[in-house]
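Working notes, structure below.
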Amino acid sequence: MTGEPSTDLVTYPFSHTIRVRFAETDAMRIVHHGRYFPYLEEARVEYLRAIDHPYTAWQEAGIESAVLEAFVRYRSPLRFDELVVVHVALRAVRGATFQMDYALSVDGELRSTAVTVHALLGADGRPQRLPAWLVDLNLGG
Amino acid sequence: MTGEPSTDLVTYPFSHTIRVRFAETDAMRIVHHGRYFPYLEEARVEYLRAIDHPYTAWQEAGIESAVLEAFVRYRSPLRFDELVVVHVALRAVRGATFQMDYALSVDGELRSTAVTVHALLGADGRPQRLPAWLVDLNLGG
Amino acid sequence: MTGEPSTDLVTYPFSHTIRVRFAETDAMRIVHHGRYFPYLEEARVEYLRAIDHPYTAWQEAGIESAVLEAFVRYRSPLRFDELVVVHVALRAVRGATFQMDYALSVDGELRSTAVTVHALLGADGRPQRLPAWLVDLNLGG
Amino acid sequence: MTGEPSTDLVTYPFSHTIRVRFAETDAMRIVHHGRYFPYLEEARVEYLRAIDHPYTAWQEAGIESAVLEAFVRYRSPLRFDELVVVHVALRAVRGATFQMDYALSVDGELRSTAVTVHALLGADGRPQRLPAWLVDLNLGG
């Protein structure tokens, strides 16, 4: 992964809001640190839908997105019933992999930043070239 | 499902011990009620392994076990780091379905009882006849 | 628990829609049976918010809702990215416990029914009398 | 976090074995990337128990371990029923925080490496000085 995600919420082109479930809290009365990854994934899926490349279309084309790296920096905790805004950006494309950056906020207050790095796999389980629209998206297209 | 599971631990032919993970607790400082189902599943998988019909062999034969019903009666809570003994029994075979009963205890104290009802599905997603060994097991064979 | 939940979606006074996360699927390519319980809980929380008795207000009053029983009848599976409508009803009040019924549908097609039975616990962990509004709600008030 | 964890399994002083649950797989038929964090946590808890500083003793002393950062590099996937060996090391102590490194292997084959960074919080939610035994452990004591 490349550097740290931006802590400036306005630099993210997309956001998606998720309400914290009680089932996602732990005995410290905060969201368990492992529960952030489904939030990132949900926001990523909604981002792809918003730019007209829904993940279900990838699946129909026999392509899956494999996670190569995942990172979260927990700045302050999330709690039951909070409305978490997950900000998403395509940060970088490098060869056959791409990096997504995230910032999680509640009421405009930054709570966490995160990174996921992905490759695309074909039906044979082998890495795929990234589609042109994804490369273009990274160029600001 | 048929009646309530036995609360008498000695009536169960098999048991499997699971230590509660911190990630399985919730903000009430107890194991979240939805987290019991992976415990039942893990104990079921170990039971099948113990009687020489491991679930991975079913999968290799193209058979999956579909859950039709699941029930838990929560008697007293489970907490972080406790060693939970999951007692398992094949309770009933009815046509193409079978019922498993469970009792969860800690230090010999009953904490929960549970039931799952299953059907077997073939690679085509259609219900399969239950194998003879499963029917025999129910007859005490 | 009392009988089976209604399979008639119009008999439920409230519904809440949840999109299936990829993280909630399992290797059978369907939503894992244990993942339904957070859906029921999320719908229950939204129902309480809708009738102006939000769960966070219960918590501030030192009251927690303990789950005594949970049951799901899985009729047909849920899949990634489906929009699941969780229909909710207060089915019964019996002494210090109450029962919620649920029906899960996708595009109007019934996929599952479910039941949860609850008690209210005070800050001392002891059962509480049910509040009048909850008893009244059961009477159709 | 400081650099990448060692990929040399023998450099880790402790290991703990976990069998993959079916509930931890996803529709790609591998363990979901978010499900690794409870594995790391379980191994961390067992490591602390093995060195006679069990996490439950921390809790009784009013101390909780807050996760500040978490990172996983997914090298090759984990599958249902595999026995995953989670190798654990205390990598660094810096002021009031400490870093744990992990390597996950199956049958001696490296599958993932991971890092978590922690602080200790007192009952008042404020950072605590690290205990002497933890600092000593980092010095190879």
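Chains here go by letter, A, B, C and D, matching the order in which they are written, and residues are numbered from 1 within each.
Keep this in mind: a residue touches a chain if its C-beta (ideal position, glycine included) is under 8 Å from a C-beta of that chain, and two chains touch if they have at least 3 such contacts.
Note that the structure is predicted; figures quoted are calculated from it, not measured.
**Q** Could you quickly compare A-D and B-D and let me know which has more C-beta contacts?
**A** By number of C-beta pairs in contact, A-D is the larger.
**Q** What is the chain whose Cα centre is as far as it gets from that of chain C?
**A** Max centre-to-centre separation from chain C belongs to D.
**Q** What is the distance, in whole Å, between the centres of chain A and chain D, each centre taken as the mean of its C-alpha atoms?
**A** Using C-alpha averages as centres, the distance is 23 Å.
**Q** Between chain A and chain B, tell me the centre distance in angstrom, where each centre is the average of that chain's C-alpha atoms.
**A** That pair's centroid distance is 35 Å.
**Q** Centroid of chain B to centroid of chain D, CA atoms only: how many Å?
**A** 29
**Q** Can you list every residue of chain A that touches 2 or more other chains, as numbers and ranges?
**A** Correct list: 22-23, 32, 34, 37-38, 41, 80.
**Q** Which of the residues in chain C end up touching chain B in this complex?
**A** 28, 32-38, 41, 64, 66-74
**Q** Once bound in the complex, which stretches of chain D touch chain C?
**A** Listed in rising order, the residues are 22-23, 25-27, 29-30, 32, 34, 80.
**Q** Over in the complex, which chain C residues touch chain A? Could you list them?
**A** My answer: residues 19, 21-24, 37-38, 41-42, 45, 54-56, 80-81.
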